[in-house]
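The letters A, B, C and D name the chains in turn, as written, and every chain counts its residues from 1.
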Amino acid sequence: MMMMSTPSSTLTPPDVKPMQGVSVEKGFDTNDLVVNIGPQHPSTHGVLRLITTLNGEVVKDMEPVIGYLHRSKEKMAESRSLFQYQPTIDRVEYLSSFYDHLAFVNCVEKIAGLGVPKRVEYIRMITLELNRITSHLLWFGTFLLDLGASTPFFWAFRDREEVFTLFEKLTGARMMYNYYRFGGVNADLPSGWLNEVRKFIDDFPRRLDEYEAVATKNPIVLDRTIGQGILTKETCLQFGVTGPALRAAGYAADLRKTNPYSCYNEVEFEVPVATEADTYARYVVRVQEMRESLKIIRQCIDNIPGGDGGELGLLKAKVDEATKAKKKDPTIEVPAWNSDWDMFGKKINLLTYKPPAGEASVFVESPRGVLGCYMVTDGTPKAARVKWRGASFSNLSCLPALMKGHMYSDLMAIFGSLDVIMPEVDR
Amino acid sequence: MMMMVSEQTQASASLAGKTTTDVIKQSTNSLVVDGLKEITRGLLTVLKQHNTDPITLEYPEVMPELSDRFHGRLSLLSKSDGTDLCIGCQACARVCPCDDLIQIEMHRDADKKPVIDRFTIDLGRCIFCGNCTEVCPVDCIKFLPDFELADYSREALVLDKKDLTLNGEESDQWRKEHGLAVTVA
Amino acid sequence: MNAENNPSSSPASSASTPEVAVPQAVPAGFFGAYLASKGIAVENLGSDATGMEQIRLTAENALPAAEALKHHPDSPMDLLLSVAGVDLLTHRESVYHVQSILSSQFLIIKIAANEKDEAPSLFAVWPAVDWHEREAFDLYGIVYQGHPDLRRILMPTYWEGFPLRKDYKQEDPRLVWNNR
Amino acid sequence: MMSTTSWITSIADILPKLPQMLWDWWLTLPDAVPAFTVGLIVFGIAALMGQLAAIVMVLMERKVLSWFTQRKGPNRVGPLGALQTIADGVKLLFKEDIMNDAQDKFLFTLAPAIFLFPVFVMFTLVPFSSTLIGVSLPVGLLALFALSSISVIGVVLAGWASNNKFSLLGGMRSAAQAISYEIPLVLSLLGVVLLTGTMDLSKIIEAQRGGLLHWFGIFLAPVSFLIFYTASLAEVNRVPFDLPEAESELVGGYNTEYSGMKFATFFLAEYAGLFIISAICAAVFFGGYYSPFGGLIVEQTGFNVWLANTLGVHQLAQLIPQAEMLLWMLSKTYVFVYMAMLIRGTLPRLKPDELMGFSWKFLLPVALINVLMIAFVKLFLMDFALNLVSAWVYLGIALLIGIFGIGGFCLWISRSFTKQLQSRLLKQV
């Protein structure tokens, strides 16, 4: 009787009949294995819990449980003034937080009708695309780590740190930037910064080739990705999946192209699309997007109004001084200044800023898909409602449908190819 | 405009102008040979890294180079003569996203000049966002490029005015490095 | 690699050419007029600050209107982006953001919940609302009629109250922000 | 009653005779006991070597992988971080040994031991020089693989006794994997056994004494070498066959629940296993302890005799070749260890079904064909070379079989198999 309670006896079915012939199904009483993957698991990219029912190694059913990282970002907006709330939205999607800020400040700019100087838009575009590269690099590293290759992970992080050093020189922080302001940016480019960016984008394609030499045509990678996790157009629409997953399914849907914000209509780039809709197609689209981002950054550096920050700052100081002096002595000549070079369209007092009552919804194309901010203001310094539409939230919801019938070891490849990060899901 | 998109999307449908199908077809023309070739290419690429110089810094011995905008420890600058620059306007406390992280108590002396009685910053809850440094009307509260802030207790992370304030020379030095008017009286 | 075990690997979209979005400039009130032509009365709320058209549907005509919008001949609103609950103090409202991939037009649909916080679910038209409506239910308590699986999603199952409502109070002394 | 003095004198009498007495007693024992004791000592030395090898290799792996990724690797403990593994070992030694209630405590403790001990026994069978070998068995190769297949029991037990689903999956995968890859592994060595006619490792090495051209891995049986290296990587759970402990899927596989010394045991045994397979690779396919230029350099150049004569120490003449043998063997072994690390740094891991498919559908047929071809080579080019008439007859038959059998298979491998795979891949796209 004591033996009955040991774990070894619990798996023995109570009435095992002797096997007849070769009929396995009659001989074995099989049970499904329910595996609780997460909330702490090396490959769930955060605190996601997947209650998975396995039949052997084949996934029969799966239910994602989210909310472990819920930090009530939307409630926080209601108790803080807009500027006070702004630093905390870096944490909504921390891998590409410039996109959060872009959606947020765009909302305020649209509601208040604040104009944005062209130089600021170009600075924003450079930072956004660099941020897309860092985000995709992290995806690349972790995706291959999920597949089992360890070296590309370190390479990707090495290059990502290089971009972060550039960001640190610009904004003072490596990940939580808090750089964009309503109608402008926090500070002008430091002297020589653009040259450093240029050095990076000149060097980066060579490294990208190295990554691809290791991964892109590796027979094991091909075998684990091609034909796996097919997310068709129909399934994408059924679950609201956007971003590279949608583009890999054959829709050239990129808000930068179709609904250009900032100055994306002034740069030339391509929208990488694949039609195969499998894990490999998503991989290919993302890698190609990194190359397209480099193209955008190069154009922005070449065409940014005002050029490098150092000399422009000196000129700005001269202009300010001369303008001040001109009030006393009208004969003083003010050096030529273009309003495109300004840092702010209209300098506002952040301490007391109250946008007018209104509503705005801004959708931007973040590295993971469509990131949206829906803001309702009521004339007070605080927003009445801020809603974040994280791309990962919708992208994650298709995982159970995608995984059914696949092997358990495909889970990591397929989940990794969706590039879901949990802070954006739970907010 | 949109025609351009369609042409480009066709061209860039995937890596190096090939679709996924192409890649399969090409690599399975002779699977064994091509597979071995690709694996060898990967191995050689990794092997090439064997002799590259490491990029890691051995931290306590080698300090990273930080930019002058780095968000490190918060500090209060003084006037050049070493007296308080802060006017106690509470602007930094009001824009701080972290509740009562900055606490300021002040009174005015006989000349109506502000005197700061208490100025504490709880670095344990600070998220180093930089809001306070941005709204300060007298450029008093600023970041130092100092990131070694760990301590043994939460109480030790609450810095008071004495810990935060830089003396006149240090403040002048800071202002010089950051391109502000050096002499503040 | 088991093709037979893999229901999602049907070659539905194999080797088709990519579809490219063709942005169209549409006049203001485009979708409202379209619905009106279909005999569905909608309240037109004009454009918001970003120039997106906003319409308000009633509980009765929500589903037919959504169905009509999804099958719009020129710009089918096929991609549901988000569902935002909004607390208007008098009542609660759900705000649907939908996009047409083909014409990349956005549309904002508002549906007010009744006094019992009930609102029709658009699950039958856009299955993508699944998690989004669950989130709005979780945080605002809007009960979506017709949603197949309306449970809490972000908050724990034992949680009481709906945190994003304006009158929500959490009497935990650590949460000092509620008192501001 | 004896006095104290007489006690002392009697002891003093006996004491010088004691070694002789003990030796006599030793000789009176049944044969098994001395043999067992010697065996224990040999095993102890082998275990020590195994541990040393594992310690060196753990450090080496961390260093090599860090060089591939532009890091510095461990460099704090000892000069250039040389003592890092020992420090880790000490840390693991003092870690709490966690076991939970639902685990089968006996099996849970037994599993690491079952995993470790066969590996240490294998160290006694590997010749590091012509004399430095624990036990010289005529069936050394067979014994090695008999021992290597015991380890998998430890893994399955660990997976089962952990009472953890990830561990169970890892253990099951490991069992399936070990059984599948054992077959191509042994088949690949069969070719060499055919060529040399022996399973004694020392004799196999002796057969390759002639240098680079006589190494089996270069001209005579390169395919055998490739199959052996691939299958043995799977046998010791190295990337790309590390499914039993795939950390991105199964957290830690069969050793998820292990901590402290038990975990260290698994860790140690894995690295010792990698060392063993590298050593076998070096011994069987790459000339073992002989230099690539044929024989030994010190003997060819007469350096050892000259040095012994110069110094007047004649034992040196025997010792120096032994030292050179050890040097060649170890350096060849570490080349293969390095290769395994390079592979670990580069390749992702396979899927379980692909892993099985690779073994059964690819490695096994290729290994079979390879054995067949080596047998033909052996028969016609070596044995029948003198008897020309029968050679022509058999060669004719061989050519027929070769054309229709091997040629057909090769065609199938390159064309039909590829087409099949291609169509399968494309169908799913």
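Note that a residue touches a chain if its C-beta (ideal position, glycine included) is under 8 Å from a C-beta of that chain, and two chains touch if they have at least 3 such contacts.
A quick note: this is a predicted structure, and the numbers were derived from the prediction, not measured.
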Next on the checklist: Let me check something: if the centre of a chain is the mean of its CA atoms, which chain is farthest from chain D?
Outcome noted: C
Next on the checklist: Of the chain pairs B-D and A-C, which one is connected by the greater count of C-beta contacts?
Outcome noted: A-C
Checklist entry - In whole angstrom, how far does the Cα centroid of chain B sit from the Cα centroid of chain D? => result 51
Checklist entry - With chain centres defined as C-alpha means, what is the inter-centre distance between chain A and chain C in Å? => result 22
Next on the checklist: As a quick test, compute the distance in whole Å between the mean CA positions of chain B and chain C.
Outcome noted: 38
Next on the checklist: Please tell me the distance, in whole Å, between the geometric centres of chain A and chain B computed from their C-alpha atoms.
Outcome noted: 19
Next on the checklist: Please output the residue numbers of chain D that touch at least 2 other chains, ranges allowed.
Outcome noted: 68-71, 345-347, 351, 353-354, 425, 427-429
Next on the checklist: Could you pull out the residues of chain A that touch at least 2 other chains?
Outcome noted: 151, 158, 214-215, 218, 222-223, 226-227, 230, 252, 257, 273-276, 278, 407
Checklist entry - Which residues of chain B are in contact with two or more other chains? => result 5-6, 9, 13, 20-21, 24, 31, 39, 42, 45-46, 49, 55
Checklist entry - Quick one: in the complex, what on chain A touches chain D? => result 6-8, 33, 35, 41-43, 57, 144-151, 154-155, 158, 214-215, 218, 220-224, 226-228, 230, 276, 278, 407-412
Item to check | Complex contact set, residues of chain A against chain C | outcome: 58, 66-67, 70, 72, 74-76, 78-79, 107, 110-111, 113, 223, 227, 229-235, 237-240, 242, 246, 249-253, 255, 257-259, 273-277, 358-363, 370, 372, 374, 376, 384-385, 387, 389, 393-394, 397, 401-402, 404-407, 426-427
Item to check | Contact set on chain D toward chain B in their complex | outcome: 64, 66-72, 75, 342-343, 345-347, 413-414, 417-418, 421-422, 425-426, 429
Checklist entry - Quick one: in the complex, what on chain B touches chain A? => result 5-6, 8-9, 11-15, 19-21, 23-24, 27, 31, 34-35, 38-39, 41-42, 45-46, 49, 55, 66-67, 69-71, 91, 94-97, 127-131, 134-135, 143
Checklist outcome for this item: chain C contacts chain A in the complex at 1-3, 5-10, 12-21, 23, 48-50, 52, 54, 78-82, 84, 86-87, 95, 97, 99, 101, 104, 106, 108, 126-128, 130-132, 135, 139, 153-156, 163-164, 166, 177-178, 180
